[in-house]
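In the two assemblies presented below, subunit A is common to both, partnered first by subunit B and then by subunit C.
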Partner chain A sequence: MKKGMYFYLQLAFTLLVCAFLIVPIFMSITAGLTNNYFVGVKSGLTLRWVEQVWRMYADTIWLTMGIALVTTLVNLCIGVPCAYYLARTRSKLSAFLDECLTLPIAIPGMAIALGLISVYGGISEFRMSWLFILVGHVIFTLPFMVKSVLAVLQSINFRVLEEGAASLGASFWQRFFHVIVPNCKTGIVSGVLMTLTLSAGEFNLTWMLHTPLTKTLPVGLADSYASMRLEVSSAYTLIFLGMILPLLIAAQWLNRKPKRMA
Partner chain B sequence: MKNTATSVAITLKQVQKTFSDGTLALKPLDLHIEKGEILVLLGPSGCGKTTTLRLIAGLEFCDQGGQILFGERNVTNIAIEQRRVGMVFQSYALFPNMNVSENIAYGLRVRGESKELKQKKVQEMLELFDLESYAHRGIDQLSGGQRQRVALARAIITEPEVLLLDEPLSALDALLKKRLRTDINALLKRLGITAVYVTHDQEEAMAMGDRIAILDRGEIAQIGTAEEVYLSPNSEFVANFIGQMNHFDGLLNGQALSFSSNFIPLPEALFSSCKEGDRLRCMARPEDMRLTTFEDATLKGAVSHSVFLGDRTRVLLSVEGVKELVHVDCFERKRYSMGDRVGLVIPPSCLVLLPNSGSEEVC
Partner chain C sequence: MKQNRQYTLLIIPALIISAAFFLLPMAKLVWLSLAEQHGISYWYILTKPMYLKSLWSTFLLSAVVTIASLVIATIVGLFLTRHEFKGKSILVAMLSFPLVFPGVVIGFFVIMLAGRQGLFAELGLALTGDRWTLAYSISGLFIGYLYFSIPRVVLTVMGAAEKLDHNLMEAGRSLGANRWQLLRDVTLPALTPGLISSGSICFATSMGAFGTAFTLATNLNVLPMTIYTEFTLNANFAMAAALSLILGFITWLCLTIARRQGGSSLGMGG
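Our next item is the complex of A and B:
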């Protein structure tokens, strides 16, 4: 079939939009790998800036990974049972909880951080610890975990599956771990990936909650943009991309996989 | 495998169920199901048949005062996981995260049985249900009939005291349904297991059950063998729910029911117990009536429609004095056209008379 003018116009527009989004990323990557960004690639490629970032900011990278992992763990322990409770119960309380869970998505991160600081800021041990950031991250990412598991639970007839298991003698916990959790796997995995990426990239809330000793990668990145050479901050971005891209690709791949539910 | 040893009788005493919104789903019910018996709960949707099954299963609990016994064991307040029941659900409720073997073995797995025993019993089930070549297949790779067999195998592997089946064939096509119901019936009989089977399909009920309990608006309208409920229905509801029924309303005139210019000769048992001029209602099944020539008959009609059904022809007649069309099954290979005038013969012994005489309409 001969493709018309509209097809080529659309293609050109799409490519233009893609270029608009991708070119800055590409430029940033290049900047992090060139000797002198203002001279350009002809000044030579180097890993010097990446090494420098690693020397200066390795602790922020480890802290970011640590917080992302613990946030995910906490979300798994709270989010999955919470989604199960919401799917099972149809009461005013569950509807209220559902609404409450959605709030952190709508409220700006800064406002959540301010709330946390004004309530718990006085407990200095807690305020100075990375746990303070963890709490903020859990509040911000929990809705994504709950909603993702809840969506899967609502798409499978989990009540009948549970009744089936119960009729065979399975106790509540056996039903939960043998039937509910494995059949929510797609929701749980996508919730985990979302939590990891959101926590690793979170800036607004973390910027308000951090102390000089509890600096995460995005906060360090802002810091380096403000005070370092462009090459250094670009190399920092490169490390962040290396961390976050595999997770994003995995999330995309999971969403494309057709769900096979009997 | 024979289940007779573990099977028990089921007794329901004054079992009533009120839902949280106040709806009375089941009026106080007394029911006894013998050990090894297959009882079918039949009725239209909302009649309480599934509620009764769920109460027996332990998926719902009855109102205060009711009692459910499995043999001598009072299970009224015991949850389903401790009742030792096997259950087959309408949607099968097979676990999508497990393959066929794992689904079948699940009841043994939660009981912590040894690997050897599990393997042996699963193999037994796979052979019994002809599922050997599907052992490692996922549930989504099975047809409806195969899923149904897996669900049944999974339910009986633990040798439950009672087996409960909630419309297990309703998701299948008509042909498969007929074949499977014969298979299931033979299997249940061979296992000697006490079974309660819920359906809204009267043909399935008659093919499956030792006894059929017909439920209407939360209570048992009639309970008995297939012959009893079909040939001697005790109410209009039962008569109309099981099979097709023609109704004839008229007055007792000598030894016959008379309406317009028609007469239906009655059996002696009826006319002797009623007075001349009493209002009566008689009923007759289409297969019990015979078409004859117009001139000789005391009951006459005109063909309104006829449908060739293969083994018989269903002829619909308009009869003077009868509101609805009269259905007659004609087993001879004879054609009827619209407007044909025919006579109707109903052997007096085939007339169905409701026992609750004395009401205004019914003798």
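Our next item is the complex of A and C:
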């Protein structure tokens, strides 16, 4: 194919769009490591902003990791069985359940948070604890876990595998743990990565649900954007990116793998 | 049937959690929005200029962002599927990262680009001697919303374009269609379902984007900010509930359209 003017025009446009998406990431990384952003990189590189962020916000980082891990654990325990049930049964009821479980994706975080506050806000023990945020995160991320496992289950012929195991005398739970779960491993792993990333970055719900003692990283980020100097905000963003980029890269790698094997 | 009972056991935990922490809160929200003076909040939303304006400006902004990202992403997506070059896979990988960035971070990126010390400000200073600061106005919101919308559409377009039937293109070409005719009559019709579905997801995400608007703290009252103000400053729970139900209904409608078109709902950030 000969590369004419249109090729270069489109290439330039594509690169411009990519720059729009990528440049701010690099800008905030450099700003977080620069002594004085206003002067520029020539003022020298430093880790002191990162250290300052760590001193001020370390607890938000730990809390975020904790909530993300527990959310994932809960999603694993309730989401995987739920996906199996939905794949297994095709009735009006299961279609309705499917709809209910997907609904939280469609409802903005604010509405879910307002609803949670209106029902449970009065129970102050619960309201003040990190469990309140956990509940929001589970509701918000569960559909992604279920969808991701369901997609794998629908693409393999799990009924045949199950019947084979059953004919060999495997009980229901044996079949579930030794046949179904290993076979939808890729769906589970991508669901786990999705849950971790979404929970770590969740803001819309968390901002409404948090209390001064239960601040997560994105809440801290909003805080620092409003009140800290640019270098501190950038360093904080840098830590956040450092937390979620490995998850994103792992997810990319996972999505690509089947293509290579095929 | 013993078998069936065991399957049912599997969904019970998920059911309990979503009933207790999602369905019940939503029902309470509906009740709250209606309880106060027989749902007078809804009447206020339709009649008071403040709410109506917020609803309209959010709607317009989201529509403009959706159209802009559809156009931009179609060009980029088609280019990336049709040509192979060095570093393309890295480019594509980087394009998909912003999908899961939280709205606050995207707001910060807009400040980095278009804030008082941002890239555009430096550029403007060098070119015209003026600092260009767009971040804290409606254009800042526009930039931020574009930032999380473009990757979503690009990925959908790329997925759909890979499945394009090349024979159709060849047939069109041999019949003497030029570049634009091919685009209009072959490529775009094939992409339409994907564009509708990703477009409606973009629109829904933009309508509900709270984090970006919160970080930029513009004077423009987009709907999620109005809900937040009603709830925190005015302590008007009924109004906040009514507004967020309207918002939820709009986004639900959009995602239903998206699902009809066979699109997967790739996470909602913003």
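Heads up, the rule we're going with is that the second predicted complex is superposed on the first by the 256 of 262 C-alpha atoms of A that agree within 3 Å, B and C clash if a C-alpha of one lies under 4 Å from a C-alpha of the other, contacts with A are read in each partner's own complex, and residues count from 1 in each chain.
Everything that follows uses one rule, which is that contacts are C-beta pairs under 8 Å (C-beta built on N, C-alpha and C of every residue); 3 or more make two chains touch, one makes a residue touch a chain.
None of these values were measured; they are calculated from a predicted model.
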Joint occupancy of subunit A by subunit B and subunit C, clash or fit: fit
First (subunit B), second (subunit C), both or neither touched by A:Gly115: second
Subunit B versus subunit C as contact partner of A:Val232, first or second or both or neither: neither
Touching partner for A:Ile67 - first (subunit B), second (subunit C), both, neither: neither
Partner chain(s) touched by A:Cys82 [first = subunit B, second = subunit C, both, neither]: second
Partner chain in contact with A:Thr197 - subunit B first, subunit C second, else both or neither: second
Which partner reaches more residues of subunit A (counting touched residues only), subunit B or subunit C: C
First, second, both or neither for A:Ala31, with subunit B first and subunit C second: second
Contacts of A:Leu150 with subunit B and subunit C, given as first, second, both or neither: neither
Shortest CA-CA distance between subunit B and subunit C [superposed frame, angstrom]: 9
Shared contact residues on subunit A - subunit B and subunit C: none
List of subunit C residues in touch with subunit A within their complex: 3, 6-8, 10-11, 13-15, 17-18, 21-26, 28-29, 32, 72, 75-76, 78-80, 83, 91, 93-98, 100-105, 107-113, 117, 119, 146-147, 150-151, 179, 204, 207-208, 210-211, 214-215, 217, 224, 227-228, 231, 237, 240-241, 244-245, 247-248, 251-252, 254-256, 264-265, 267-270
Residues on subunit B engaged by subunit A in the complex (per definition of touch): 57, 59, 79-82, 84-87, 89, 91-97, 106-107, 109-111, 138-140, 147, 154-155, 158, 164
Subunit C partner contacts - residues on subunit A that touch it in the complex: 6-7, 10-11, 13-14, 17-18, 20-25, 27-28, 31, 37-38, 74, 77-79, 81-82, 84-86, 88-89, 97, 100-112, 114-116, 118-120, 135-136, 138-139, 142, 144, 146-147, 172, 176, 194, 197-198, 201-204, 207-208, 218, 221-222, 225-226, 230, 233-234, 237, 240, 244-245, 248-249, 252
Subunit B-facing residues of subunit A, complex: 156-157, 160-161, 163-171, 174, 178-179, 182-183, 185, 260-262
